[in-house]
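Chain IDs A, B, C and D follow the sequence of writing; residue 1 opens each chain.
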Amino acid sequence: MAKAAKKIINDPKKVVAEMLDGLVLANDGRIARVPGHAAIVRTDLPESKVAVLIGGGSGHEPLFHGFVGRNMGDGAACGQVFAAPSPDIIVAAAKAVHRGKGVLFLYGNYAGDTMNFDMAAELLEDEDIEVRTVRIADDVAAAPPERKYDRRGIAGDLLMIKIAGGAASELETLDDVVRVVEKAGDNVRSIGVAVSAGSIPETGKPTFELADDEIEIGMGAHGEAGVSRQKLLPADAVADQLMDKILNDLPFQSGDEVALLINNLGATTMMEMLIVNRRIRQILDERGIKVHRTDVGTWLTVQEMAGFSVTLMKLDDELKRYLDMPAESLGYSRM
Amino acid sequence: MAKAAKKIINDPKKVVAEMLDGLVLANDGRIARVPGHAAIVRTDLPESKVAVLIGGGSGHEPLFHGFVGRNMGDGAACGQVFAAPSPDIIVAAAKAVHRGKGVLFLYGNYAGDTMNFDMAAELLEDEDIEVRTVRIADDVAAAPPERKYDRRGIAGDLLMIKIAGGAASELETLDDVVRVVEKAGDNVRSIGVAVSAGSIPETGKPTFELADDEIEIGMGAHGEAGVSRQKLLPADAVADQLMDKILNDLPFQSGDEVALLINNLGATTMMEMLIVNRRIRQILDERGIKVHRTDVGTWLTVQEMAGFSVTLMKLDDELKRYLDMPAESLGYSRM
Amino acid sequence: MAATLEKDDVVAMLRHVSERLIAQVDILTDADLAIGDGDHGIGMQRGFEGTLESFDATPPENIEAAFKAMGTAILSKTGGAAGAIFGTLFRAGSKVTAGKETIGGADIAAFLETGLEAVLKRGGVTEGQKTIIDGLAPAARAARAKEAEGADAVLSAAADAAVAGVEATKGMVATTGKARSLGERSLGHPDPGAISVSLILKAMQDFAARA
Amino acid sequence: MAATLEKDDVVAMLRHVSERLIAQVDILTDADLAIGDGDHGIGMQRGFEGTLESFDATPPENIEAAFKAMGTAILSKTGGAAGAIFGTLFRAGSKVTAGKETIGGADIAAFLETGLEAVLKRGGVTEGQKTIIDGLAPAARAARAKEAEGADAVLSAAADAAVAGVEATKGMVATTGKARSLGERSLGHPDPGAISVSLILKAMQDFAARA
């Protein structure tokens, strides 16, 4: 049984509250706390725009609350570690971002998030604030294609938030933004591999157990079971398996353009991810699939978990436009 | 004795070569390999500019080779894991970035780097290519102030590269660029804390050992000894110790403006760094020191080492100007 | 042995539930580590600590307010799936006690049924999917079967049914929540949310037996 | 027992050195893990593998070329401090053998002295700072003292002196390189680079004794 991780924290019960204080300060004035709530909002929000509210459980930093900023999320509702935010937090955040043109709720497809965001949406409707929801469900390991609605959201979150943020800066209506974001959701596929576990600060216990020579393909962002547990493999073999799952899920075709994202779940080195990128590009080259844009970094973590995920999003001109807009936030910034 | 880390790699002897292939591909055409050498160069290098060549041992990704791009490094010379690049690599890289206005060598102050870069500089002088050197020496734990030239370079590297990249885009002569970068070097201070060790892919052995309840204040980026080994402490107490060392080293004064950088050495969570940021800002507030700009992220790693470092750079208008210029690279991008 | 409960009994009972559950969070943590993400224990702890704080800050004025305050505290402090589910259970269930000065067996049965109905609607699952429902639905049925026998007997029957329900979840393959992706691997493990239901009812039963 | 070495001997000796050192990298890794960053073993391995490849690709035409090829391979393949230092040692040292068809004890002493001088200049350190110098400087002195006695005796004396030098580094506090920051904590550990010097000279000695 793995030992509890050593963490540099204060009171384990206060990690989320203190993290949010530190997060607001780290944004150098560009975001503010929604008073009395575990929620944040941009300080430079334009007066009239469709609002994008993101959120979910904490412990995955920089996701979600690190992705609030220009052409990204307009605000975020933050739950406790691995726990969806409660409806009151979501309602407060939604009111803080609302600028008269409705609010897009964009979050990962988990039972807890769905229930809490839905409850919040009902409360907001009572107050005549229009809410539309897009649930991110990019993890091909979570369910077969015919039950895509059962899939959970993993690192595809970043591309989805990027596109939503871009679309909501340009498009006039909530309907238009939803249309673009739903299209992005239809075209995004991810899968991860776990190498070792992370742990929740308050319990100190690792979220799963893997033998010293084992990895798990398809494990979810909270240690949910994947598609196969197997012996440690060379990077190329791991990349082959991941790409196989992704490329067989969406009919990617020769000539397609994609966004490629390799996400560090926490403790994996960038060296490893770049070695994997090399193999991914060989595979895509063989298939005639062109990479329009690559991101390699640490976006959705599971505390100190080691492992990474690969995401492909099939692009058209509209998705490219919103994906390529400059964006700035603490956790993701690109010109 | 800690177990060797599980890594997703292929042949351990080929990690650097394969990483570089993956790195070039991840830059989507913005950088190219210097043919035949472990070196990279921007593809969009303007025709006439002072060149900034960065580099050092690999294994610290995204540093250094991830910081090549617009308003950052113009090229990088890449050594093997934790080993300075050899003179032939540096010479090839310098020739690839040189645009007639001389080359700034900017790297961390380690014996291996100094000797190899110096040998390269001598060879380049024979070919009438002007080279000036600035060695980054920001780690206050490495030597007392009167032996600042003995200090090693740690995460201050990022701010130094950012400023050098900005200055070299605007200033006309190598002398001017060197003047600005040296000023930045005089004003930057860092210190780290180690929580657990990383390992070199080829040996699989952890670079140091720490008991399960111990941390080490001041440990260097390769596991070099720090200033004190002690029991695990709360985040606020760790922040207090780090800030104490930094603030006592450079006479920071009330009214000063600084850049603040918190760097993840590998496996530490962003949650921890944000909690630390909260305390750092309390301390700076008490001292009347204003934070002009904050970066919290993963810039200089030591493979899967856990721990982080804090960097402060005292700014004047000129340093602010170059630090705030938009910059884009795989490892660091900000509008 | 209390056949009916007054407001003060209900508040005391819900305090007892909160304290007992806080003392047992490790069971929930371990159960959620086995097939979920390991936060069910600390989540319920936040909700029950919130309940106690709420009772301290604003002593409930009547029975409905007591149940509702517990639901509100859980809803806002627990978060996650359990926060929505248990929050909904207590808030929706509280409505059947509106205006009542005392509650008996039939009221408790109605509380469980109404809460269950709201939870089914909220979560969109049915029995057999290895969730809270598999503790709650049998408990509600057992309660209704004993409705004539008074609060203590009804709670005893409900708690026993919930415990049996937890046992039954071991034989179920999860098809919702974080355990879903485990598929067959979820077999043999009880559902954490259902365990919470059984512990809550057990604590109520013990309180009613002593009251 | 070879008092003088011809070109083929020198090439064979340097091959032997390379193979022996490659087989002993773990000693260097562990020594560097104790007071450095743990890469000295794999670094030297890269350099010596590079030497063998170079000899295979381009068999050295004379003694000077053999020493220089080894230095060039180490300089470009080892990297780090050791690459610069050992590369400089062999490249600078090679010059004293220019034009020689055979080398004897005095040549080896001159090789070590000239190499040492270049290394001192490159690294900017002096004896006693716990570096390669503390193996190399005593070895060069011992070699000069025996210069009249032939290559085998000179190498034997140099190797012994280097081993003693390694031993002495245990009592030194590092004031340069990655071990510098250890301060007093570097006491008791031998210097990895000095160990490499001793292993190289020992391998040369053994070769000369058999040749």
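In this section, a residue touches a chain if its C-beta (ideal position, glycine included) is under 8 Å from a C-beta of that chain, and two chains touch if they have at least 3 such contacts.
Not measured: the values here are computed from a predicted model.
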Counting one step per pair of touching chains, how far is chain D from chain A at the shortest? 2
Nearest whole angstrom, what separates the Cα centre of chain A from the Cα centre of chain C? 32
Gap in Å, rounded to a whole number, between the CA centres of chain B and chain A: 28
Separation of mean Cα positions, chain D and chain C [Å, integer]: 75
Taking touching chains as linked, do they make an open path (line), a single closed cycle (ring), a hub with spokes (star), an all-linked set (complete), or other? line
Got a list of which chains touch which? A-B, A-C, B-D
Which positions of chain A touch chain C when the two form their complex? 57, 79-89, 110-112, 115-116, 118-119, 141-143, 150, 152, 200, 202-203, 205, 207-208, 218, 220, 222-226
Seen from chain D, its contact residues with chain B in the complex are 29, 33, 36-39, 41-43, 46, 75-85, 87-88, 122-123, 176-183, 185
In the complex, chain A residues that touch chain B: 3, 6-10, 15, 18-23, 25-28, 58-59, 61-62, 66, 70, 193, 195-196, 201, 212-213, 215, 232-236, 238, 262, 264, 266-278, 281, 291-294, 296-298, 301, 303-304, 306, 308, 326-328, 330-331, 333-335
